[in-house]
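In this document, chain identifiers A, B, C, D, E and F correspond to the written order of the chains, with residue numbering beginning at 1 in each.
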Amino acid sequence: MIDPIILFFLLGGVAGLLRSELRLPAAVYEFVSIVLLLSIGLKGGVELAKQPFSILLPHMVAVVAMGFLLTLIAFPVLRYLGRFKRADAASIAAHYGSVSVGTFAVAIAYLSSRQIAFEDHMPLLLVMLEIPAILVGIVLARGLSRETHWRSVAHEVFLGKGIVLLLGGLLIGWAVGPNGLKPIEPLFFDLFKGFLALFLLEMGLITAKQVGSLRRYGPFLVAFGIGMPLFSALVGTGVGLALGLSIGGTTILATLAASASYIAVPAAMRISVPEANPTLSLAAALGITFPFNVLLGIPIYHALAVWAHAFARG
Amino acid sequence: MHSHTRTLLTVVTEAVLEGTLARDLDRLNAHGYTITDARGRGSRGVRDAGWEASGNIRIEVVCDKATADAIAAHLQEHYYDDYAMILFMSDVAVLRREKF
Amino acid sequence: MIDPIILFFLLGGVAGLLRSELRLPAAVYEFVSIVLLLSIGLKGGVELAKQPFSILLPHMVAVVAMGFLLTLIAFPVLRYLGRFKRADAASIAAHYGSVSVGTFAVAIAYLSSRQIAFEDHMPLLLVMLEIPAILVGIVLARGLSRETHWRSVAHEVFLGKGIVLLLGGLLIGWAVGPNGLKPIEPLFFDLFKGFLALFLLEMGLITAKQVGSLRRYGPFLVAFGIGMPLFSALVGTGVGLALGLSIGGTTILATLAASASYIAVPAAMRISVPEANPTLSLAAALGITFPFNVLLGIPIYHALAVWAHAFARG
Amino acid sequence: MIDPIILFFLLGGVAGLLRSELRLPAAVYEFVSIVLLLSIGLKGGVELAKQPFSILLPHMVAVVAMGFLLTLIAFPVLRYLGRFKRADAASIAAHYGSVSVGTFAVAIAYLSSRQIAFEDHMPLLLVMLEIPAILVGIVLARGLSRETHWRSVAHEVFLGKGIVLLLGGLLIGWAVGPNGLKPIEPLFFDLFKGFLALFLLEMGLITAKQVGSLRRYGPFLVAFGIGMPLFSALVGTGVGLALGLSIGGTTILATLAASASYIAVPAAMRISVPEANPTLSLAAALGITFPFNVLLGIPIYHALAVWAHAFARG
Amino acid sequence: MHSHTRTLLTVVTEAVLEGTLARDLDRLNAHGYTITDARGRGSRGVRDAGWEASGNIRIEVVCDKATADAIAAHLQEHYYDDYAMILFMSDVAVLRREKF
Amino acid sequence: MHSHTRTLLTVVTEAVLEGTLARDLDRLNAHGYTITDARGRGSRGVRDAGWEASGNIRIEVVCDKATADAIAAHLQEHYYDDYAMILFMSDVAVLRREKF
């Protein structure tokens, strides 16, 4: 059975392609994404308390390493196969080395509507994976030059809306525990999927607008927008297995690896690598990879996780 | 009424630059500025403010000609190539010159 | 017992008349109406699946015919009795031949708080009834001239926000069925009446602003704004009986007939018949007919349906 | 156990102090505060019906008198001890003689998460206490001069957003009773704490911005911003005891007395006493008193109420 | 095309004044005005529109010189001292002079 | 700094026209435009942006005089009678003339 939230995404996409006048006011988009970010953080934080830090640490380290790795792999592909300018290749690579919270939310919804369990510290890994790619991307574009204002890069990266809300939610959830959250559950938990539906409606509208750019930048970007997530999902699955994650956890880690950022990274790159053309990375991340992951990728990564676990167990 | 001539510099650019430009204006001796949210179309395509990455802002600075020129030169040097941005200037009459 | 949502409407109206500074930001109004439109569509879609198309089709045809008819009746009344200019008469007629989603929502709330059942495909009829009046209105204003850009009219009409969300909701509800909607119920179903209350608060504020225009355009508009819905409700009741609708369904069909559009039609008329004065139709639809229907009309139409059913049964 | 909503306030405060780019769009802030104001009103209204007016009246009178008194006490302190200009002293005094709805909401949340009962007409007292301080403040600044446009002052005060929504909610709740409110409970009651969390997140961000002003205006304002609420809470506790309120009710009355307005009064003062510097009063009310009350004050006032009741009884 | 010269008066001030100024403009014979929401920085610090009390509005009035001067004088007298406010004027060409 | 004179055309009109006007501007060779949401009062009464039907937009186009005249003529012919609309023009200095 198809998830209704996916249909909201398609509704937005179709409306956008038909040039409907439908659009969510920017304030509504922000409201919905603020609530989603907090929800994800809170949900993760509640469970964080149950896990000893000694288990979390290796996971965090592994995920950061994966973020570095994926960015470093994507860069030469874009630079030499795709013949992009250095700044553009670095910026697109950073988008794909980082993560998309929207895709993460869809993966969570996918698993929970199928009653598949997953590790509860996934939101923490989401946060960890968001940042390294940005740093790598800047270094790839700039070299380790003195001129980079690392202080302001750090400010941009760590104090962006997304990280503050995710981390804030994590900490609050961790501090008050499941009972403490009870009174705010109706807004942050019960409405989660409804808000996700609205969010995806808007994402469909935004995605539809990328089609024009895609046509201009041609087939390589399309191929990269599908090939890169498939490759990253393999890496993510491998890391998941190595860390001993459950099938659900492995699916989510593969999804995280496969997803491409369209909030934190674009903002950071715009400030730190302004000579990169933002249209390229958004066309790929939003126009190709986001819909691919949401419509096809997540089920594929799930199948992959099932298969890999069966294989690993023998 | 006794009035004085000053320059009104208007800049339309990407919303993501708001913080940076506010600091720049401060450093370049603008006594103030006014910002409104905007959308539009230009050489870099449609910017429709549907979400974070696609919004414009419209900045106005009233100042003396020299300051306006300095700001325009600074913006042209640092942002014109890489960002969606236009700027234009005109003369305006102000009442209390000490404010600008 | 009076419905609280009606009191929200009155609160808005009183605050508006007293020139309170209270107002909902436009983004909030849009948020609330987007959720309401989707809710209505989803709720209708879920049940649509249960009905064979062979039953739906005659209902849809009948309702479209009713939309044409009501517009064609309203026009000469406005043109010759009301002495309005041709464009104005055509535009106002189109408003009254179409429907108001807000009024529909209040009727639904009215019936469900009284546990009166109604046919579940009503939202489909709502969508069907929204459009024909617009086409008739344009033809009445213009004649069947070559100059009318029917392509852009069609675009305006079928891809307007209201239709896209209602139809989109219908399709999604139809595709996923009641179980599929469970996870998004808290936002779209549980909050329905709350959002309706906020919506009516704003409608009260907007209605209050029409009073000035009404004073200017005088008693004919007021009379029309009450007489026309009463007449249309009779037609709607008749059609409901003829289609074999239940008491609840008849009440809703009468309400639909009686209601006057203030979203889809004004936007379409503004573009397609710009010489019509929008103040006239909004003053009538919002200043008179909306409050009349919400406060008095719906109970009257309900009584009418009860009486007509008793009468019909013998 | 710490309340999660308090942590949202701290999250906002920390994000603000670190100059995070996080901010709630103005429309979202308005949406959240509209829902909160209506919720408080509705909740109070439901219970109002149960109380005979003969009991309410003395409470209302006492609370209005307290509002006058607190403003009149604050004024000379600010004028002569703080050496503020007359207009500034009058304006700040008015802020402290009035109330903060946000603080009230936190106090309610505090008590209900501890299952401490309180009288249900507290929202009515909140409304009563909002207004007198404004009038006193204007007279203190102006004298009883002919020039004051009392008509427009009254308009500003009684038709401001806050009063209209609180009073409107009270009346609607009172008119329809608890059963009538059932259908709108999910929005207005179930989501109350969630919305309060978002509201406090934004309040934290706003509070953080006051720090600069505070540094400028120095230690007297800081001392006043803590000393005045402590003193007012004593008065409030006394009045609560005298009126025979429960421990919960006394706590809330003390909190009301201790809280300083940052919505209704600033707007009214800006129009009626424009020569008062709004930065001063906001820095004190938002930068000091709001966080003080929310973080420390409410528990203190609760302890005070417990102690006073024990003392009074024995 | 035949055009006429009028004065464009632009005022940036606190949002709280919107109602009051709308009434003032009416009384001072402005035939119309346009308002947009704004934020900014000036001598009274940053006004960032984060919430009710800290928003600016930007008002434009197209009118003849005399009306513009009268409005400017009125604003200067009644609001300049107590409110965050700037104003400036420039000449603009309009098509139908009877509208202004 | 070397600057060039261009015309700034400002239009305030009903929000419902946004799509139509964007297409018109394109066809009439405007190289770009900037739009902000607005409210206001004019000969057609108060337009307060409270909801869909009552919002205004404020469009700015920087272009050469001929284009501005053509746009103004077009707007005047097609929309002036039926829509709430005003327009006015002024000279502005721009830096890179090829953008406009």
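The rule is short, and it goes like this: a residue touches a chain if its C-beta (ideal position, glycine included) is under 8 Å from a C-beta of that chain, and two chains touch if they have at least 3 such contacts.
Quantities reported herein were computed from a predicted structural model and do not represent experimental measurements.
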{"item": "Each chain counted as touching chain A and chain C at once", "value": "D"}
{"item": "Separation of chain E from chain C in steps, with touching chains one step apart", "value": "2"}
{"item": "Chain whose average C-alpha position is farthest from chain F's own", "value": "D"}
{"item": "Proportion of interface numbers common to chain B and chain F (over half same, under half different)", "value": "different"}
{"item": "Taking each chain's C-alpha mean as its centre, the one farthest from chain A", "value": "E"}
{"item": "Averaged-CA centre spacing for the pair chain F and chain D, given as whole angstrom", "value": "46"}
{"item": "Averaged-CA centre spacing for the pair chain F and chain E, given as whole angstrom", "value": "19"}
{"item": "Distance from the mean Cα position of chain E to that of chain D, given in whole angstrom", "value": "34"}
{"item": "Residue numbers of chain C (touch at least two other chains)", "value": "21, 24-28, 30-31, 186, 190-191"}
{"item": "Set of chain F residues in contact with two or more other chains", "value": "36-37, 90"}
{"item": "Chains that touch, pairwise", "value": "A-B, A-C, A-D, B-E, B-F, C-D, C-F, D-E, E-F"}
{"item": "Contacting residues of chain B [partner chain A, same complex]", "value": "14, 16, 20, 44-45, 48-53, 55, 79, 81-83"}
{"item": "Residues of chain B that touch chain E when the two form their complex", "value": "1, 3, 6, 8, 22, 26, 31-37, 62, 90-96, 99-100"}
{"item": "Footprint of chain C on chain D - complex, ascending", "value": "25-28, 30-31, 34-35, 155, 159-161, 164-165, 168, 171-172, 175-177, 179-181, 183-188, 191"}
{"item": "Residues on chain C engaged by chain D in the complex (per definition of touch)", "value": "1-5, 7-8, 11, 15, 18-22, 24-28, 31, 109, 113, 186, 190-191, 193-195, 197-198"}
{"item": "Complex interface listing, chain F residues touching chain E", "value": "10, 12, 36-43, 56, 58, 69, 72-73, 76, 80, 86-90"}
